[in-house]
Amino acid sequence: MSNRTAGYRALTTHRLFWPVVVLVGMLAANTVYRPGFLSVQMRDGHLYGSLIDILRLSAPLILVALGMTLVIATGGIDLSVGSLCAISGAIACLHISQQRDQNSLGGVLTALALGLGVALVLGAWNGVLVAVIGIQPIIATLILMVAGRGLAQLITEGQILTINSDPYKAIGVGHLLTLPLAIFLALAAALLVAAVTRRTALGLIIESVGGNARASRLAGIRSARITFLVYVISAACAAVAGFMMTANVSSADGNAAGLWVELDAILAVVIGGTSLAGGRFSLGGTILGALLIQTLTTTVYAMNISPQTSLLFKAVVVIAVCLIQAPGFRARFTRRRAPAAGPTPVTEQPKEQVPA
Amino acid sequence: MTTLSLLAARTRSRLPRRHVPVLATLALLLVLYGVGVSQYRAFSNIQVVFNVFIDNGFLLVVAVGMTFVILTGGIDLSVGSVVAMTAMVSAFLLREGLPAALVLLVALLIGPTLGFLMGCVIHFFDIQPFIVTLAGMFFARGMCTFISGSSIPITDGFWTSTSQERIGNPSGNFVSISVLIAFAVVAVAAYVLAYTRLGRNVYAIGGNSQSALLMGLPVGRTRIAVYTISGLCAAIGGILLSFYTLSGAPLIGVGMELDVIAAVVIGGTVLTGGSGYVFGTVLGVLVLGVIQTLITFDGSLNSWWTKIVIGGLLFAFILLQRLIGIRYK
Amino acid sequence: MTGSHPVLTMTGISKSFPGVRALDGVDFRLFPGEVHALMGENGAGKSTLIKVLTGVYSTDHGTVTLGGDEVSFTGPMQATAAGVSTVYQEVNLCTNLSVAENIFIGREPRRLGAVRWAEMRRRARALLARLDLDIDVNAQLGSYSLAVQQMVAIARAIDIEARVLVLDEPTSSLDAGEVAQLFRVMRQLRDDGLAILFVTHFLDQVYEIADRITVLRNGQLVGEYPTSQLPQLGLVEKMIGKELQVLERLDEQSRHDAAPAEGAPLLEVRELGRRSAVARFDLTIHEGEVVGLAGLLGSGRTEVARLLFGADRADHGTVRVHGTPASLRTPVAAIGQGIGFCSENRRAEGIVAELSVRENIILALQAARGWLRPVPRRRQDDLVERYVRALSIRPADPDIPVGNLSGGNQQKVLLARWLITEPRLLILDEPTRGIDIGAKTEIQRLVAQLSDGGMAVLFVSAELEEVLRLSHTIAVMRDREMVALLANDQSVDADRIMQTIAAGAGHEGVPS
Amino acid sequence: GNSDTGGNGGDDGTITLGFSQVGAESGWRTANTTSIKEAATEAGIELKFDDAQQKQENQIKAIRNFIQQKVDVIAFSPVVESGWDTVLKEAKDAKIPVILTDRSVDSADKSLYKTFLGSDFVKEGRLAGEWLVEQKKAATGPVTIVELQGTTGSAPANDRKKGFAEAIAANPNLKIVASQSGDFTRAGGKQVMEQFLKANPKIDVLFAHNDDMGLGALEAITAAGKVPGKDITIITVDAVKDGMQALADGKFNFIAECSPLLGPQLMDLVKKVKNGETVPARIETQETTFTQEQAKEALPNRKY
C-alpha cells in the first residue's frame, strides 16, 4: 500500500471529513448558481462578500453551540439558551439606552458585565435544578426557556429597544484586521473553551460523567459540580451570543432574539459528531456544524429558494448531511454484499431514574 | 434480622414505589385544580374540566405517541409539523372535493408513513433520532407551506358535524367527539404497552437496547414501530386538530413538539427511556392544560407575565413532584 | 456422543476489528449431549467466537453449520429462533424490567396476544426454584446484585427450547453452592441431548463438568481435546503457550502461616449499618492487613464494601480513620480518606466504555487531583505503561476505547485505575472476575505485595480459595449480617468457613 | 381569597370584556395591547386579557374559558383566518357577542360575530404598491424590486404581498426579482437583504412587510455602500416610531400605516354591542400613509 492511499484513507475516515465535504459542496453549488458567490472584495477597509457574511452570522451560533456541546457531553441539554440570548441582550441594551452618552466605553462595559452577570445567575439556576435537585435537564431548562422569554420582554417592555452606541455595535458588525470582529470573538471563545477543557482535565471529566455517570461517581468525580459548571458555561456563551445578536441590529427584541437558536445549536453539535447521549465531544465538529447551518441558511437566500419550499430544501440537506456522515449508510453502499457491521461494543448507557 | 423480615420489608416498601411519581403527580394536579377553584368562582364548573379535555384532546393523542418513542430512549421532533401537515392535507383534499372517507384514509396514512421512514433511517443507518426527526419536522412543515401559504377552511359536512357534535347536554356540560377518540387512543396505548410483546419490547429497548438486542428481541422492528406509532398518533392528532379548528393552517402547532415532550416528561417518563406510563402522560397533559386555564381565568397578566407565570408554575410543580419523589425513595 | 454428528460446526472463522485480528481461521465443533469448554486467556477470542456464532458480529471468512444446514445469522434474534440460547459474558438483561420479565421477554406466555402476567410470574418462580434461587420475581432486576442477575440470565437461557446452549463465563461471580446447582442443571440438560458450550477461567470447573475442551490462543485454534486426555498443567500450557509453573506459584501464595497484621488500626467502624441492606457491624482493618469477606450469594458482602466506600450511605454507625472520627458519606469523602473501591459491576459502575484505556486508568487519580491539575502526560505514559505491562493488558495500545477490550482486560484496567492512586485501603469487590489464570496469579501477587508494603485491602470474592489464600483475617457474612471474624490461621479452611456460614450467628473468632 | 372576577358582569353594571391577543411578537403588537388595556380602564370596562403566544389552539382555549366565566363580550385578534366556527358557535349559544379585531375570520356564517374592527392588510399592500407605481410612472427601463416578506404563512404576509403585487401589475416595468421571508424581525431583514444585495447588482426598490425588517435592511444597505432612500427606494408597512424616524430622516421613502391603536374604537363597540345596538359588520381603523414630509410632522406625537 502506497503512502498516498494510506493518507487518503486516514483523511476519509476522519470524523470531520464528511461534514467538510458537504460544506464545500454547498459552497460549490452556490458558486455554480452565482459565480460571484465566493468573491470577496475590499470595501471601506474591510472585506465584503457572502463568505464573510457567513462567518459573521455564524458567530453567535458557534458560541451558543460551544456551550451546548459541553452540556450535551454530560448527557444533558439546554433549551434555555435562546431565552438567555434575549435576556442578556435586552439587559445590555436597556442599560446602554439609559446612559446619557451611549457611546461611552465605560457604560458599554458595565452593560456587558450586567448582561453577563444575569446570564451567569440564570445559568447557575439551571445548574442547580439539574445537578442539585436532579430534575431532568430538558424540563429544567424548559422552565427558563418559557419564563426567560417573558423576562426578556419584561425588560424591554415588549418593545424593540433601539440603541445608538458605536462600541456596542462593534460587537456585532465591527471589524478587526479587515474581518468581522464577531468571528474573532467566537474564535476566542472557542479557543478558551478548548483550552479550559483540553489543557485541564475538565474535558476528560465531562466525557467521563457523560459516558458513565455511575462509574464516574465511584471514581471520585464530583459530577454534580461538573454538571453545574457546564450549565453556567453554556449560559455565559449564550450571553455573549446575545450581545452579538442585538449588536448586529443595534436593538434588543425580547421576542425574536435567539428564537429557536437552541434547535440550531443542538443540530450543530450533533452534526459535529457529539452524541446526544453524552460522552465524547468535539468542539471542532461543533464549529463546523454551526458553519454548515449558517451556510445552509445563506444558501436559501442567495439562491432565492422560495420561502414556501425553503424548509423542504433544509430537510433534504440535513438528511443528506446525516446520511453521508453515517458509517452505517456508507458501509451499505461501499460493500453492498457484506452484512451490516455488528453493533459497537457492549456499552451500557447508565440510566438515571428521576421523574421529571 | 432474618432474611425473611428483610425481604418482607423490601416488598412492602417496593410495591408502591414504582407508582410514587405518578401518584405524586396526580396529587399535585388536584392541588393545582383546588387552587383554581378557590381563586375563581367559575372554575368549579365541571365544564371547565371538560374543556381541558376538549382543548387538549389532540395534544393528548400526540403525547401518547411520543410516550412510546421516549420509552425507547428516542425522541420525535416531527410531531408538531406532522399534525399541521395532516390537517393541511385534509383541508386541501376536502377543498379539492374528495370524499371525506378517502381524505380521512389518506390523512391517516401520511403520518405513519413518514414515521416509518424516519424509523428506518434511524435504525438502518444508525443516525441519532434527534437529527432525523428534526429533518422530518422541516419536511412536514415545508409541505404545509408548500401546499398553501394561507390557511384553508374546511366546510365538509362530515367534518363540521363531527366538530360541532356535543356529547352530553349540548346546552350544559358536554364533551366533543375528539375527547372520546383521545380516550380510546389512551386506552389502546396503555393496553399495548402493558400487555403486548411490542409494548414490553419498548420498555426493554429503553432500559438497554444493547441488552435487548442480545436477548434476541426485535430491536430494529420495535424501533421502527414506535416512530410509526408516533407518526400515526400525530396523524390522528392532526385529524382531531382539523376537527377542532375546521381548517388547515400552515403555522399551526409550531413548537407543539416541546409541549408534548414536556407533558410526557412531567408525567414521569424518563427521557433516557425504559420507565414511564401512558397514564402519567395523561396527567402531564392535564397539568399543562390546567396551568393554562388558570392563567386565562386570571386574565390580569400581560404577555410577558403570562410566560413568566407559566414558567413559575411549571417550576413549582416539578420541584414539588421531585421532592415528593425523593422523600419516598 | 461418539459417532453422532456435530450439531454445530464452525470452520475457518476469521474476524478482524480495526487493528486487531480477534479470530484467525478458527474451527470449532459441538456435539449433542456434551459440555464443551472453550478455553483461552483474556482476549483470546472466546467471546468473539460466540458472538460470531449468534450473529452479533458478521464474519470476515468462514462458515457456520447448525444441524447440517449452513447458517448466517444477522442477529441474536435469528440465532435464538434457530435454537441457540446464549448467556453472554457481561450480564445482558434489562435492569428496568422485573425479574420475571427478564426471563420471559420475547416469549411471554400469552392468550389472544395479551401477556399473561400471573402465569409468567408463576413460571418464573418455578424456574428460579430449579436454580435454587428464592427472590421476588416481581421486583426490578436492578435491585439485585450482579450475581443474582447472572443467575437470572442463566435461568432465561436454560428455559429457552434450544439445541445449543452457550454460556460465556456464567459462573464468574457465583459461589460454590450456586455453581454446584448450575452444574446439576447443566448435566441434566446435557443428558437430555443438549449441546452446551461453556466458557470459564476456573480450571476446576472445567474438569468437573466438561467433556471436551477447545483451546484458543491469540485468536487462533490451538486444539480440541477430550478432557480426560489433557491434564490441568497441559491445559494451562496450551492456553498461555509457554511452560510456566503457574500452579506451583499459586500455592506459594498462601497466607496460612502469615502472622496476623501488626500494623496500626487504619479503619475502625462501629455499629455501621444501613436499613434493609446490612445489619450493623463492627470491623477494624489494620495497615497492611488483608481482610477477606466470605459469604454466599446475596449475603451482603457487596453492601458492606459499598458502605465503607460511601457508595451507599450508611444510616447508622461511626467511622474512625487512624483514630480520628471521619465521615464516609460519599465516594469523594472516602477517597479523601485514602480509600479506593473497585466495583464488582464493571460495566455499569466501572469502565467508561467510550474513553480510552489510558483515560480509564488515570480517571480516579485525576478525580482526586481535581480538574485544574491534569496528570502530566509524561506521568500518564509511565503509569499506564507500567500497569499495562504488569497486568498484561491486551491489546497493549493505551489509546483504544476500553469498550473494545475483552471482559478480562477491562477488569484489569479497573484494577490499574485504583492501584495507581496508591490508596491506604483498597476495597476490591470480585477483582478477579473473568480474569484468566495467569493474570489472576499476577493480581493476587500484587495484592500480597501491596499489603506487605503497608496497604490495607478488603477483599471480596466468590472464590473461597482465593479469600483463604490472601487474607489475614476473614469476616464471614450471612443473611446480610457479619456473623464471624476469623484470624486466618492453620485451623481455618474452606470447610470451617462453610460451617460458620451454615451455623449462622456463632460469633466465634477473634475480637477485632 | 376570591378575586371576584368574571361571571358577574351583569350584576353591578360593569361590563366584562374577554380579550384574547395573538401574542407579543412585535412592538406593534405590544402597542396594540397597551392601547386596548388603557382604553378599557378609561371606559370602565373590566378586561380579562389573555395572551395566546401566537397559537390558535391557545386562543380557542381562551375563548372557551371566557365563555365559562360568562364574560359580557368577547373580542380577539385571530391568529389565522379559518377555524373558528366551532368555538364561535359555543359563544353564540352562550349568548356572548364576539368582536374581531385586527384580523378577520373567513367564517361563512357571519352571524357568529358582531363586527370586525381592523385594518385591511391587502389594502396596505395595495397602497404601498400604488405609491410606487405613481413614483415610477416615468420610468422607462425596468425597475427591480426586492421584497421582504413576513413570517411565511401568516395573514399579514400573505395579504400585503397580494395587495402589493396587484397594485404594481399596473406597470409592467415594475418587477419583483427576489422575495424572501425575514420573519418580521430586524435580524431577519438584515440577513436576507445582505444576500439580496450580493445576488442582485441593481436593486431599485425594497418593499418590506413591516418597519422592523426595513430597519434591519437599512443596515445591510449601508454596509454595502449604498444610500438608503436614494439608491434604493424603501417602502414599508406599520409606521412604528423607529420606522417613522427613519422615514423622517429620509432613509425610508414611504410607509403605509397599520395602526395598532384600536383600543378606544373597540371599547365603543363593546358598549354598543352590550347594549344590543346594531353595529356595522366591518369597521376599518382610521389609517393613513406617510411620506417623508408627513413623517416629519407626525413624528413628535408618535407614541409607539
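General observations
Letters A, B, C and D mark the chains as written, and numbering starts fresh at 1 in each.
In the analysis below, contacts are C-beta pairs under 8 Å (C-beta built on N, C-alpha and C of every residue); 3 or more make two chains touch, one makes a residue touch a chain.
The chain lineup, named per UniProt: A = ABC transporter permease; B = Galactofuranose ABC transporter, permease protein YjfF; C = Sugar ABC transporter ATP-binding protein.
What you are looking at is a predicted structure, and each value in this text was computed from that prediction instead of being measured.
Between A-C and B-D, more C-beta contact pairs join the chains of B-D.
Among the other chains, the CA centroid farthest from that of subunit D is the one of C.
Separating the CA-averaged centres of subunit C and subunit D is a span of 71 Å. Centre-to-centre separation between subunit A and subunit C, using Cα means, comes to 43 Å. Work out the mean CA point of subunit A and of subunit D, and you get 34 Å between them. Residue positions of subunit A touching 2 or more other chains, listed in rising order: 153, 158, 307-308, 310, 340, 343, 346-348, 351, 353. Contacts with at least two other chains are made by residues 23-24, 30, 33, 152 of subunit D. Among the residues of subunit C, those in touch with two or more other chains are 56, 88, 92, 95-96. Residues 38-42, 45, 47-48, 51, 54-55, 59, 144-145, 149-155, 160, 163-164, 171, 241, 244-247, 249-255, 292-293, 295-304, 306-307 of subunit B are the ones that touch subunit D when the two sit in their complex. The touching residues of subunit A, counted against subunit C in their complex, run 199-202, 204-205, 207-208, 211-212, 214-222, 226, 279-280, 338-348, 350-351, 353.
Those residues of subunit B that touch subunit A in the shared complex are 21, 24-25, 73, 121, 124-128, 130-132, 134-139, 141-143, 145-146, 149, 207-208, 210-211, 213-214, 258, 261-262, 265-266, 268, 270-275, 302-312, 314-315, 318-319, 321-323, 325-326.
Those residues of subunit C whose C-beta lies close enough to touch subunit B in the complex are 56, 75-77, 79-81, 86, 88, 92-97, 101, 105-106, 108, 110, 113-115, 136, 138-140, 143, 156, 276, 279, 479-481. In the complex of the two chains, the subunit B residues touching subunit C come out as 1-3, 6-7, 9-11, 13-14, 18, 191, 194-197, 200-201, 203-204, 206-208, 210-218, 274-275.
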